[in-house]
Structure formats: C-alpha cells, structure tokens
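What follows is a pair of complexes built around chain A, which joins chain B in one and chain C in the other.
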Partner chain A sequence: MVNALVPETAGRAPGPRAAEPGAGGLDRLRRRRRRQTVVAYLFLAPTLLFFAVFLVLPLGFALLLSLSRWSGFDLGDIDPVGPDNFAALFADGATFLTPVLTNTLLFALGTVALALAGSVLVATCIDKLRFQGLWRTLYFLPIVTTVVAVGNVWKYMYEPGGLVNGVLNALGLGSVAFLQDPDTALPAVVVVQAWASLGTAILVLTAGLKSIPGTYYEAAALDGAGPVTVFRRITLPLLRPSLLFVCVTQFLIGLQSFALIIVMTKGGPGNATDVAALEMYRQAFSYGDWGAASAAAFVLFAVVLAVTLAQLWVFRRTGEDA
Partner chain B sequence: MSGAGLGRRFPWLSYLVVVTGAVLTVVPFLDMVMTSFKGPGEAGTLPYRFLPEAFDLSNYRAAVDQLDLPVLFRNSVVATAVITGSVLLTSSLAGYALAKLRFPGRDLVFRLVLATMMFPPFLFFIPRFLILVHWPLAGGNDLWGRGGAGLTVSIAALAMPFLVNGFGIFLMRQFMVAIPDEVLEAARIDGAGEFAVWWRIVVPQTKPVVVTLGLLTFVDAWNEYIWALLVSTANPDVMTLPVGIQLLQDHVDPARTMPIVMAGLVLSVLPVLILFLLLQKHYIRGVMLSGLK
Partner chain C sequence: MTPARRSGGPSRRQIALALPSALLAAGCAAPHHGSGRPGDPIVLTLLSHYASEALKEALRGPVDEWNATHDRVKVRTEAVEFTDLLTTFMVRQAAGRGADILHPYCLWTGQLVRAGVLRPAPPELAQEIRRGYGAAAVDAASVDGTVYGYPTEAQTYALYYNKRLLRAAGLDGAPRTWRELEEAAYRTTRRDRYGNTLVQGFGLSAYDDSTTVGQTLALLHAAGGTFVSADGRSTALDSPAGRAVFGLERRLVAEGASDPGVNVYQAFASGRVAMTVNAGWWTGSLRTVMGRDYRDVGVAPVPVPRAGDAPATLATGFLLGVNAASRHPRAAWEFLRWLNTEKVRARGGSTATRMSALQVSVGSLTGRADDMRALSGRGGDPNLRPFLDALAYAVPEPNGPGAQQAKSLLRQNIEALWTGQRSVDEMLRSVRRQVDQEVSRSW
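After this line comes the complex of A and B, so read on.
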C-alpha cells in the first residue's frame, strides 16, 4: 500500500525517441502531445467533475456550516458565527466528550481487541487444516452481508426470547437484557462489530503466516522448542506487520462506524451506545443543527486523520509494507 | 509452510478452534433462516427454540406484500447497476489517462486521486445531502436552490455520491502501468486513436481487475444503508431493500413481524451471497488489495 503511494515518473514516455528527427517529425510530435493532453483530460473529465461537485464543494460547505448557524432552508440565511459550534461541543455539561467520544474510543478499541484475539487464534489454527476454502467462505459471510441484516439478526438474538438468552437459560443462567441495560449495551454491540470483521482479519493474518519461512519452524523443532515458545519467539514477531495492519485498519473503521449502532440501538439506552459519527448524524437529521453536526464531523475527522498519519509514519519508519 | 506449529502437534485442537469459530459465524445466519419460517407467536417467545414447528413459507409471501418487495428490489438493482457501471467506466478511463498518457498536470491529478482516499465517508453525508436538496432549478427548486426537494426527487440521487471511486482509479492505474507501451505504440502507428487503444487493447487486458473492482463495488452498493436512508427520507419512492426492511422492523410490532422481517432479509441477502459464492476468489483478492473491509 505505502510503496504504491509514490507515483512513478520514469520510463513511461511512449517512445517519442522512435520518431525520426527533423522539423516535420518535431511538428508531428508536438501535435501528438497536444492531442494526448486533450484526450487525457477528456478521459479524466467525469472524475474531475465528480471530485469538484461531490468532494471539494461538500468539504468547503461542511467547513462553512461548522462555523455557522443555519436553519437548513435558505442558503442565504447561513450565519457565520466563528468557532462557537466547536466550543459548544466541549463546553461544560456537553455530552460530546463524555460519553460520546469515550464511547467511540471504547467501541473502536473493543472491536480491535476482540477481532484481533479471535483472528490470531483462528488464523494460527487454520493454517494446516483441510477444507481451507470452506472455512474461508464461512468466515467471510458476514462481510458480504448488509448491516441491516447483521444488526437485526443480532438484535433479535439478544432479546429475552432470542438465541443468546436461550443458550444462557439452557446453561442454567438467568437472562440478560443485553441491549436494554446501559452497562451491557456497548459491549454487546462491540461483539457484533468484531464478529463482522473477523473474516478480513483472518485473511490478512493467514497471508502473513504464509510468508513466514518454514525453515524457521524446522530449526525451532530441531532445538526442541515447544509450541508456546515457537508462537512467542517466531510467529508473533514475524507476524507483527500484519498484526499492526489489522489493528490500525479495524481501529479506523471502528472510529467511523455507526450504521450498525443505528440499526441495533439508535445510540441508546440513554446515550450508552452513542458514538461520534452517530451524534453527527442525529444532530443533523434529527435536530436540524447543521452547525453542531458539521463541527462534530470535523472533530472526528481530526481523530481519524491523526491515527492515519501515525500509521503512515510508523510504517515508513520501520520500512514495513502492509 | 506450517504456521505456529500448533496445527501439526494438536490437529484436533486446531479443528476445535476453527470449527467453533465457523459455527459462531454461521449460527446467526441459520437463526435468521429458521426464524423466517416460524409462525405467528412462535418467534421471540420463551423458551427459545431454534427450529420452527413447521417450515411455513407464508412469511415470504407476507414479506413480498407488506414490504412492497418488487419496488425495493427494483430500486436496489437500479442503484447498484448504475454505481457499478459508473465506477468501472470512470476508473478505467481515468486509470488509463494516468498510466499511459503524457500530459501536463498528470502527477497532480494522481496525487489528488490519492488524497481523496484519505477522507472518510462520514464527513460527506451532510453536505452532499444538502447540496442535492438545494440543487438549483431541480425538483421544484428556484435558481437559489429554494422551494423544492432538488435532485433527491430522482432515483439517481441514490447513486450520485458513489459514481466515482478514488480507490478504483488507483487500482486500474496500477494495473495498467504494467501493460507494455510498445503494444499501445504499435496500435497508434497503425492509426488507432486513443479511445480505440483504450477500448480494444487496454480494456480486454484488465479483465481481472474489472471483475474484482466490479464485485467489490457491487457488494458495497447493494449493502449500502446510511445514504439510501437519507435519500429515502426525502423521497420514499426510491427506498432500497435495506432501508425498506429496517423501516418495517422499526415501525411494526416486532414480536409479530420478526419472521416477516427475517424473510425479507433472507431474500435481500441472497443475490449478494450467491454472487460471492460464485466469484469469491475475485472478491477476496479485492479485499486483500483494499485491506479496508
């Protein structure tokens, strides 16, 4: 990924040196250059138009809104008030820092921890088993399934008459009101998010495991190292780039996700599962406070950007390629 | 070669872990299917029962009727087809220009494409929605974007923010760079224009990327929820499958309608699941390339 971010400039001139020298050749060359420029921008026109209308314009508009007060009806009524919206997010008594941003971090961290633990366990075990294709297919099912299906099925499974409580009751345990209890709601949603991201994590880690030379394991076996030592001294260190990659990408996804929470809890009970992106969504589309919503979006963006840049920095420094 | 060595020493332990994980992954899907067959009063009641008393297909009929399923299906199909087609076309065209044409500003445009991948989607929900609603002279709006619903009156609004994909352009460009210039040059000397070079020589060579990118885009578009929800609140006529099913789930007595919701979910998940099972190698390669699922 990171290597590919450096655009190559050399070695792609489409052979102009093959053209014969002389005034006629130069002229033809110049005409061809001009024609290629026209064609290139023609090919790029839909993309550049899209970037202008759906990326640059919205970004500027969102920035303006984050610094304004607006009713949402007449574009002429946008009232620039400066950084008030940002100040309000962090004012005393505001819910944005706690519990919303705290929930966001807990949600992202919890997802990473669960998905990582599960995927390391499965990936190290899956390596030499038969029916690899079958396992991979099964673990991938949640990834191709719409969040509406995932969220509703799990919501139903968490209900008193649902599967999870059915299993608890069968084991002689009492029922838990997972999504109705403020103490269990966030962990319950974290489990679902981790469950849904397990397939990708296993895929990345399996690829990482395959790239570890088998001779290392043979040497360790000759030295009589036990499986735990082998795992700690060989597998974990050599798997570090893949582990780091899974951590960062899942963390970034966790910071931004809110579709699953909309489907399962709508941020409740109270604001036990309210996360930053959901708060942005609610401020905008439930309360019509476009300024507060846009400010919340930029604060979350700052967090996401900081994590992204930290990741790039770490990968560059260690020279590891994800 | 072998992974942690655990698999070799304790194969039964490895099987135990992998099978347990696979069961935990699949059980929610089975519960969804089983619930979709349950009769009224049978779902969500105590004690929990995994299997339905009888495999009752009436929920599927009810889902088709109550959910207006044909309309939801049509909207989902149209949006998904437009998005997939547009992403493939624009990515291929832009990727070709960036990989194989020489023109001033090329590196700048490529950097711009890479930069777009840095911006997370949640940042754009609000302003894009407002821009579509206040689009001048559309959907009853005046020149200043007042008075109407703007472009949200059109089903195209479902697809608009997804028509171009920076990652798609990047993927195509990286793949096309590897095509030897001599082949393209030979075609140019034979008198082929740039469009013909792209269509006759480059596009056929990029089939594997087209399948991978197309599949990734298709699955994402089919499953998309938040944007479709926004557009549907402005214009209920363009509701997609996820939005319509969630609406039924939110507004009707859950205990009674749960089997119908599950039946609707089974039907809505099926097309993507079949496509994934048929083409999973391509899909999984795409996930590896993007690393961002």
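After this line comes the complex of A and C, so read on.
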C-alpha cells in the first residue's frame, strides 16, 4: 500500500522532473510538507483543544491563582501577590506542614501498606478457591458503594456503643473512642480507606496471579519447595508489575482523597485527621481563599510527583520496569 | 488551487479553520436570561438555603402573593442545601449568573462584602432596619456599621436541660451559675463499667463548627468575654473570661461529665444528656423527634460565672440582601421591603411582617422582637421565651472577612483542648497565633 504522505525518495526513476531546476522542486516539496503539517494539525486539533481546555487552561489558571489573592466571586478581582501564598503555607504557626501534610503522608502510607498486604493475602487465597468470580465480586462491593454510606456505617461501628466496642466489651476490654481520640482517629480512618480500596487491588492482583505460568509452580513442586518458599521466590517476584501498579495508584488516591475523612471526622478531633485535599477544599470553598488553596494544590502536586518518581525508581532498581 | 477558486467564497481550508472556532464561540457564549424586551416583567431570582419542603412551602406563600399582586416585577425562588450555599454563591457569581437576592448566613457577611457581592442597603431602608430589629440582628447583618440586608431568622443560644434527669439527681431547676452547672453535671453523669457514657451531665458537642463554637462562645459571652477584638482583626480569647470558659470545659471532660464523642443531637433527644447549650431552632426539631417526651425539656438562660452577673449569650442569623451584580437592585429592594417591613394579619389575629410570620410558622425566631411577642404570645412554646428574651442582650457572632476560617480554627483548638492534646494555656496561644495570622490575610 502506498502512503500518499510519504515524500518522494531519491531512489525513484529519473524522468522529466529530474531535469527541472532544483530550487523549484525543493519549493514544491516544502509546500507539500507544509500542507501535510497543516492537515496533521487539523486532525489533531480536537484532541489538542480538549487538552487545552481541560488541562492546560485549568493548570495555568491554578498557577495564576497560587500567585494571587482571589475570593472566588469575581474574576476581575484577582490580585497578584507573588509567592505570598506559598510562604503563608510554611509560616510559623501554620498547620499545613504539620500536621496537615504529615497526616496526608501517613494516611496514604498506611492505606497502601494495609491495602497491599490485605489484597496480596486475599488474592492469593482467592486464587486457590472455587467460585473465584463470586469472591472477587464480594470484595469489590465496597468500590461500588458510595463513600458517604461506607463512612457513616464505619462511623457507627466505631462509636462508643457501636459494633467494634461491643466486641471489645464482650472480650472484657474497655471501650475505645476510636474517632474521638486524636491518637486513634487517623489509624481508624486509614483502616476504612484500606478496606474500601481492597476490591480494586484484589482485582489487579488476581489478574497478575493468573498471568504467572503454572510451569514455575510445577518445577517448584518437583524441587520440593514449600508454600512459603513458593510464595516468596515465585509468586511475589512475578507479581511485581501488578504490585507496582497497585502501590502507585493507591498512593496517589491516598494522597488526594478526603471524602471519607469529611464524612467520618471532618478532619478532627482538633486537626488529627486533617489532610491536604481537605484543607484545600476548605480554603477554597469555605474560606474563599483560592490563592492559598491553589498554592496548597501545587505543593501537594510536588509531593505526589516526588513520591511517584521515588516509587518508580525503587521498583526499577529492583529490576522491574513499569 | 486555481486563481478562479481563490477568488470565489471561502476555501475548504478556511471553512475547516472557521467551523471549530464558530462552534467554540457558540458553545462558550452564556445564555442571556430574561427577555429584556420593553414591557416584559423583570424576573428576580432569590437564592436561599430553604431547600426542605417545609421551608420551601413557607417561602412560596409570600412569593406567590407578590407575584399575584405585582405585574412589573416577578420573583423566582431557588434553593440549595445550607452546606452548598456558600459554594453556590461563589460558583454562580464567578460565572456571572449570581441570583439577584441572596440569603447568606451572617457569618459570611464580611467575606461577601469584601468580595463585592453584597450591595449596601439604601440609606432609608438601613434606617428602617436599625429601627425595626434588635441590635444583635442588625449587627449580624452589618459590616463596619453599614447594613447589608434584612435580618431574617435570628438565633440565640440558651441552656437546654432535661427536667426528669435533673429531678432524678435531686435538683429542682436549671442551674443559674457555673458552680451550679458543674455540680448538676457531675450529679447527673452516669457511665457503665466499660466506660461507655450512659448519661452525660453536660453535653459538649463536636458535631460541627456551629455547635462546637456556638456553645463555647455562648459561655464566653456569659463570662463577659469576646472571641475577637472590636475591629475583628485579632483574637481577644486570651482573657480571664476565656481561661475560665476553657477551664470549665476541660474540667467537665476530664471528670467524665462531658463526652464530646457522643452525638448530642441524638443523645439529648433520647434522654442521655442532662444539659447542653444550643440555639433556638433546636426546639422545633426536639418537639418533632421527642414527641411526648418533649415535656421533659426545659430551657433557661446560659448560666453566668457568679450569681448576679449580667446575662449574655451568642446570637447568629441570616440576612436577605441584594447582589451587587443584580441589574435590578431597586426592584429587589422593593420586594425585600414588602416582605420584611409591611405588616399583615397573621396567626391568631396578630399583625407581623410576612417574614416574621414565615419564621414563626417554621418554629424559628425573627430579629423583630415586637413581631415575636405578637406571634408567640398565645399558645406558643414556652421554651422559646428564653431565646426571645436573649435577643435583648445577645452578642452577635463576629462576621469579618475571615470569620468562617477563624471559627474553624477555634473549633479545631477547642477539640484539641477537649481531647487533652493541649492545655488551656497552649490552646489559647495556638488560637491566638493561628487565628491572628490567618484572619489578617483576609483583610
């Protein structure tokens, strides 16, 4: 098949055109190339327009706001203030670095650790069970449940007279004010977020487990390897691409999520569960300080980028290319 | 391409370039509301938080009456949940589609004024508002002495108590001083052997900003203190009154008489809280939720530190104002004046403004003391009386540009105190540093 867009090559048979002056031929070639470029950009235009409207423009606007003061009401009132908003985030007495950013990292880290450990365990078990589709569906249910419902149900379970304390009391233990004690509030929410993330992680990991060739396990069985050795030496290393995907995506979700926290604790008690995304939401929509919110968004973006690059680097060093 | 083609109409390339631009321009063009044709009536939009059926219905009455009796100006109401109200104001204003008449929470007045959203009331209406409403209601609807709208519902804070629980603890009536309050709280508190709260003596609620901060500020004002300085630009909490209030709350939590982890709204209604401080609107909810048990509920003024101290409490509210971007401000003020100052015959033959009648019909209070007395005189809930009396001495909630943020920061610090994360001194230092720094950015 001939590609009409491919320029003429030097290998073509010489003809009358070859006798034409070189400058004219070059001009024609340039014109044709220019036309082809225009056509190519026209075909690309819808996609470029989409990216411009939904990515570049908002990003540029957020950058402008991060260097301005704006109350969110009138676009004519945007007042440039330079890096003041960034300075205010890290000023003495500001809560953004500690505890907000610290809580964000702990929340994401805790969620990833729990979700990863839980999903590896559950996915491995499911892989050895009958009715795997049923089990996967069951574990996927929290994903299709609204965060508000999940948060409220767990909130009631954590309450002093709730199910969790009921179990503790039945075991002869005293009640724990899970969401009211600043020491336990963040871990309590992390558990719920990890539980709610299990479904996706299990889905990815079971797919990863299915892609491991059975011959490895057969060879290991012939060599007399035990289940722990098989898991450590075969399953885990070959599951690394799926683990990397789960790790990166869960971390990104953890760093940016705040819906569950708003439902369960509203960032309290005090600011024990306050996270960056919640703080950004409050600054913009409650306090009308869009400059501070945008500056916080860029700081969070930098953190997310750094953490993601670090994760990719670690996995690449251990021999896995994402 | 031939010269002949070039000279005729637009080329295919030009059309290809022009079409997306035209489509984009057409898509981005905002629709123009209202015909604008001479002779057509002006349609004003009123955006409020009256999203529940009862409130929607209550507002529909006077609006329908206006629309039926006025040909030149019509009013259309729009409502969103209170939690979405400020966001809706922002988004619609930024998009150039703000409502003509806004119904904001008074806490946001400074923020809205600073952003140029609210239009000052015309001088003659401002005079009328100052004359017709209680001082707390007028102050809540004003910024730096300028009135920005008609106060609608007015809320004051008072002490709710469960008569049955107090009687069971051998107490005759509501406490009047802090010493009596503490004693009553300790005597009525009950816990099971696992530490679960059965009855809270005094309910301190961490439910939301308004509840947590509202009850603390009511006690603070009763002790003669204030949250912010007179100009609203710095905190005034680090005072003997502030120390006394936070000391009292810390003691109540430490002694187990208060359990901020329990939802006071549910616990009080189910008879598991002996006393708590809350706003007047709650009486209506309690009456519905508690049914016959509502007869156990009593309301008294917020206790003062010492017998003989002057009473004081907190007042909050909403206002109806006109959008600075409205193209029909005169018509909007005309409607608001009709709604808020013209007296009509209301329930029981008494006369009151349409807005006052609306507020009382939904179990709320209005900032007009004369209307309140007329409307709640006969057969009204006696528990509303302390809230009504408090209109005379209540202190309005600060409403400067950074008021919402200051309130949230105060709430976080109060919770940190209740949970033992900070001592009273640390908490006061932290509030001063955070609020002063953040609020100063808003001015």
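Going forward, the second predicted complex is superposed on the first by the 242 of 322 C-alpha atoms of A that agree within 3 Å, B and C clash if a C-alpha of one lies under 4 Å from a C-alpha of the other, contacts with A are read in each partner's own complex, and residues count from 1 in each chain.
The working rule: a contact is a pair of C-beta atoms (placed from the backbone, for glycine too) under 8 Å apart; a residue touches a chain by one contact, two chains touch by 3 or more.
All values derive from a computational prediction rather than experimental measurement.
When both complexes are overlaid on chain A, the residue A:26 reaches neither chain B nor chain C. Look at A:270: by the touch rule set out above, it reaches chain C but stays clear of chain B. In the superposition on chain A, A:93 makes contact with chain C only, while chain B stays out of contact range. Annotation for chain A, partner touching more residues between chain B and chain C: B.
Looking at the shared chain after the overlay, A:285 reaches both chain B and chain C. Applying the stated contact rule after C-alpha superposition, one finds that A:160 touches each of chain B and chain C. Once the two complexes are laid over each other on the shared chain, residue contacts for A:48 go to chain B alone; chain C is not touched.
Of the two partner chains placed by the overlay, only chain B lies in contact with A:195; chain C stays clear of it.
In the superposed model, A:73 makes contact with both chain B and chain C. Within the superposed three-chain model, A:147 lies in touch with chain B and out of touch with chain C [touch as defined at top]. Put simply, chain A uses residues 46, 72-75, 159-161, 165, 169, 285 to touch chain B in one complex and chain C in the other.
Listing the residues of chain A that touch chain C in their complex gives 38, 42, 45-46, 49, 71-75, 77, 88, 91-95, 159-161, 165, 168-169, 173-175, 177, 179-182, 266-272, 274, 282, 285-289, 292. In the complex of the two chains, the chain B residues touching chain A come out as 1-11, 13-15, 17-18, 21-22, 24-29, 31-32, 35, 43-50, 89-90, 93-94, 96-104, 106-107, 109-114, 116, 118-128, 130-131, 134, 144-146, 160-161, 163-164, 169-170, 174, 177, 181-182, 184-185, 188, 193-195, 198, 219, 222-223, 225-226, 230, 233, 241-243, 245-246, 249, 258, 261-262, 265, 268-269, 272-273, 276-277, 280, 283-284, 287-288, 291-293. Those residues of chain A whose C-beta lies close enough to touch chain B in the complex are 1, 4-5, 7-9, 12-15, 18, 33, 35-37, 39-41, 43-44, 46-48, 50-51, 53-55, 57-59, 61-62, 65, 72-76, 118, 121-129, 135-150, 152-154, 156-157, 159-163, 165-166, 169, 195, 197-200, 203-204, 207, 209, 212-215, 217, 220-221, 227, 230-231, 235, 245, 249, 252-253, 256, 258-259, 262-263, 277, 280-281, 284-285, 290, 293-294, 297-298, 300-301, 304-305, 308, 322.
Contact residues on chain C toward chain A in their complex (touch as defined above): 13, 16-17, 20, 24, 86-87, 89-90, 93-94, 111-112, 114-117, 194-197, 206, 208, 259-262, 402, 404-405, 408, 411-413, 415-416, 418-419, 421-422, 430, 433-434, 437, 441-442.
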